[in-house]
């Protein structure tokens, strides 16, 4: 699986050179990093796969907003999530992606942030997406305080001890992933009977839909997750 | 397949009441409406499926920017694409969706607008998405001036007389749709050999990924395409 | 997707030379051609894909019965359906095909001609058959007077607003297409509960079965539909 | 899996009452019945599953031609193939089926009768059709004089020791069965390279297509094969 | 499908040279061989496919226990099942396989030996395993005294006239084979409602699981069944 | 997903009461437990899922050999792998399973122990088996000293940076898992070209086959992995 040699240099260079400062990555601000993990980060970042993606896309100079955002990531998380570095070859794409993502995963919703991350992982498991399973599996472990739940959703969500609401939510998201053409009124009714509102149903669909996009961006580009995720919240 | 009775009123009401004025819908500005089609629109809009989606999500007051955008749609197209009405229950979601979509499908790219629409239809065919096949099938007919091409991509892209570049592009998009976990370096190399740049590969993946999201939003909500699309560019 | 060069000449030659006169093609006699479409036919026929199929099978001299049949097609429809030209390399095969088809689709049955065409399209959608979706999609539009219904059955029959009888009929036909080994008594009972007689069930199966054959003949030979179908009954 | 009680009487009655006399069933005239098998037939016919199909379709009075045909079957084979009894509720359908079948499987072709039966079994194995695997599995055993070949094609044609021509033929038939939408020029070229003519390719497709129809008729109606087939040519 | 030339000699040599004497093959001791079959064996063994598997694995000197076991096979069955010859390149593997197999298929259980063989065949049909369908299809014919049952389970277990207990058992085994990740409490409950004990459920799973292993050993090595199986208990 | 209430007590009771002493579990003797993990075990074992499986199968008195084996597990690992507790309702089954497993995974082979564990995880990922992914994922982390490799094989083995030999090995194992009927000479030749011997090919098949069995035992019984595995070798 040797990477094509030309698809590597610029992204790598940027990763090394990036020196952000005071960003908050909204995507995971709910997660607490233990001091042990914080210590581990310098090591971890040295071991990150390079390049971040298998396409040779030189970084552009970031807009002040995005530069500030990257700084906050580095400060709060100890690293910049590789998906952001992947989009950084184009400021507009980076900004629309970040806006879309942050509203979806962190904005107001009847779904808790944990529930949204659970959908992300169950969908990514169907699509066998390495990047998303690593990064959002870590988020499920963090938000839930239950490391096993993260593993179960990565491996087979049916093995998790879910309550009725969670199971209905993930059944819908997984069916929407594997056979979207077959989703019909009966499926929406099942969510309503499990207590979800009209807006909740939209949000379940929107998160499931988004990761069906993101999983494919990651697979299409062989996006590599930051090594730091692996150790988080075990 | 009766719609759940509660999921209908507000969206419908809004559709009727909407009186936008001077918007340009960038998504299809390349398409020319014949005078015959323009005449047909009043009729067509009376026959549009109601409600637009099978979820009862009352519209919010649109931001001035979105209001202007809707007006331009009405003026240029004779109707507001239902996907926009579907998102109009939440200004932030509508705006991030529009920004994301317009950059992707109309922004600068090595892929022509027609090529991007071809990917949209080939992906939507895999997912059997009624909304996207109708609306983007129309766009392929318009951009290409070849009504048969639109039909072929809806039915089976392998039946279309594609050049080598187009075929490689759609093979990648369809594989990324049906088995994203199996996309590897050899697939990217095939695109490079067909003449695509690194950035082009990103764009092919991004369009394919986006419609894997949008197809699922449409299926999850039973989104109904505007009737006017059916007659366009036949 | 260049056609193998040797597979083309004879069928093409015949298509050009054919000058039939007074046939009635029973298969679509229910469909009314608007004067606009009739006008369009000379143009359309000039644009028909050539050759009709990707096999080089020289036409034989037709029997008087088949010659008369071809003349009636030309007179009533303005063209000879390409599937007939495809079989015209062998009189016996052409005649047994026409007899089988006409009894099935136009003979006495508890299913209306529209219902039989609906099954044809739903099955052909499962098999993604370009030829049959184009020609029988046009028939659904004609018989139903509802252009959208034709499109919906081509794209995803679950998106159509079907009554209970129609839905049961298409669910059976589609299951029989995609997983024939799994059809059992419960499936037949579902048809009986929807009001179908024993003979109706046979007919549903027979139409679904036939298009599972025809779809494969078309795919195996890359059969191209007459261009005139595209514009019919929009 | 109890049969619905109403779907049984008439077909059964007819089967018992049928007393044909001097027919030749062309479909299997090449098969030689050993005297041991002939002796076994009275026993076998007593054990035949009843009814022949799970639909209650009373027989009609057969046309003289069909009556003569049934007599010949009884005389030559010792039984009337159940598929013929199944169609005997309607003379036109029976006749068009017989004409279509006999031309296809017994008419002139570059494919030997054994090769056509091999395709029948390989296709029926993909569709897991009990009726066709039993009846055409017997035909392969008879025509080939190789009982194991019949079993291998029923179970997994890849396990048979096929020559290059046979393997190419069955690969095409099986692909056309399981993924007809994906058959393209390269597949036809593979057949040409294995020595098949244009007409041979049509015939391979026609036999594969036909059994995709017949398999579905059998599954849709729970058609039961005559018990006599089981012991033939072991 | 030519075998790689180097993968043949040693196993073949051993098969010829093996002269076992007084073994009882527990696996099929319940089956009665008719005198006709016994007579046929010398012939049959001459026609056995050689080599037994497509890997060149020279036989070792068997342990006294295994030597005695092989002798009993030859004495009772008239041949040594090829699966035993396949494992005979390693005494430990042969012994652990035989011990595992004999406990599973012949040891104490709430499932009859016939029921265990029925599972074996239904699972092997899903996996299209030539070796196991031939050898265990023969066992079903023998244990049941119903040759048709063996054929039906090979072809499509849904075509067999099963009682409720048998159908529940095979439905579970087949689901466990084709989609093990989807087996949940509801599936186990269905078995309990059909009268199976906790231990019976374990045994159903264990037999189904075992043949999912054995089928793959046979496919991976192109294991050939002894010809004698084909004629047994027809 | 509530467990059926009756399926729980005996296995649980045994787990608590078990007090083994000096066993070596050969299966994982290569793995080193850090002192931190050893400390964590008391905690971990308190949190183990109960019951071990969803079937109520009371333990029997173990044979002295198995009792000794369980003691060694406890001593060396700090816990008894739940798969052993699951089989402990029957001494013969436990012993044949242990003998089969230990020869396969720890006995002499041209495949390293790590390679065998890699196959175990890649196969279990195809089958989405929670138990095996957790326990053998831990083994891959331990044997390889590369925590990421374990995660990659769990999620999508194509995302791992494998050498040519490893990739060929896992491609074969995964194909054998998902489509065993399609494995043929060309697949074995690919392994030979990657440097594997005849015996190695047998061993790859045997490990892949075994986990296709084990995965199904775990799914059929809802087997729960010991919590201690989750933290090992991160």
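Every chain is named by a letter (A, B, C, D, E and F) in the order it is written, and numbering of its residues begins at 1.
By our rule, a contact is a pair of C-beta atoms (placed from the backbone, for glycine too) under 8 Å apart; a residue touches a chain by one contact, two chains touch by 3 or more.
Owing to the predicted nature of the structure, the values given are computational and were not obtained by experimental measurement.
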How many links in the shortest chain of touching chains run from chain C to chain F? 2
Going by the touch criterion stated earlier, list every chain that contacts chain A and also contacts chain C. B, E
Work out which chains are contact partners of both chain A and chain D. B, C, E, F
Degree value of the rotation bringing chain D onto chain E, based on Cα positions, nearest 5: 180
In terms of residue numbering, is the interface formed by chain B and chain C classified as same (over half shared) or different (under half shared)? same
Report the inter-chain centroid distance for chain E and chain F in whole angstrom, where each centroid is the mean of the CA atoms. 25
Chain A and chain E, separation of their C-alpha mean positions in angstrom: 47
Give me the residues of chain C that touch two or more other chains. 1, 128-129, 156, 158, 181, 184, 222
Touching pairs here come out as A-B, A-C, A-E, A-F, B-C, B-D, B-F, C-D, C-E, D-E, D-F, E-F
If you look only at chain B, which of its residues touch chain F in the complex? 181-182, 184
Which bits of chain F are touching chain A when the two form their complex? 1, 125, 128-130, 133-134, 147-148, 151-152, 154-156, 158-159, 161-162, 167, 222, 227, 230-231, 234
Of all residues in chain D, which touch chain C in the complex? 1-4, 7, 54-57, 89, 92-93, 96-97, 99-100, 103, 107, 127-129, 172, 176-177, 180-181, 183-185, 188-189, 192, 198-199, 201-202, 204-206, 208-210, 212-217, 219-222
Please output the residues of chain A touching chain E within their complex, sorted ascending. 156, 158
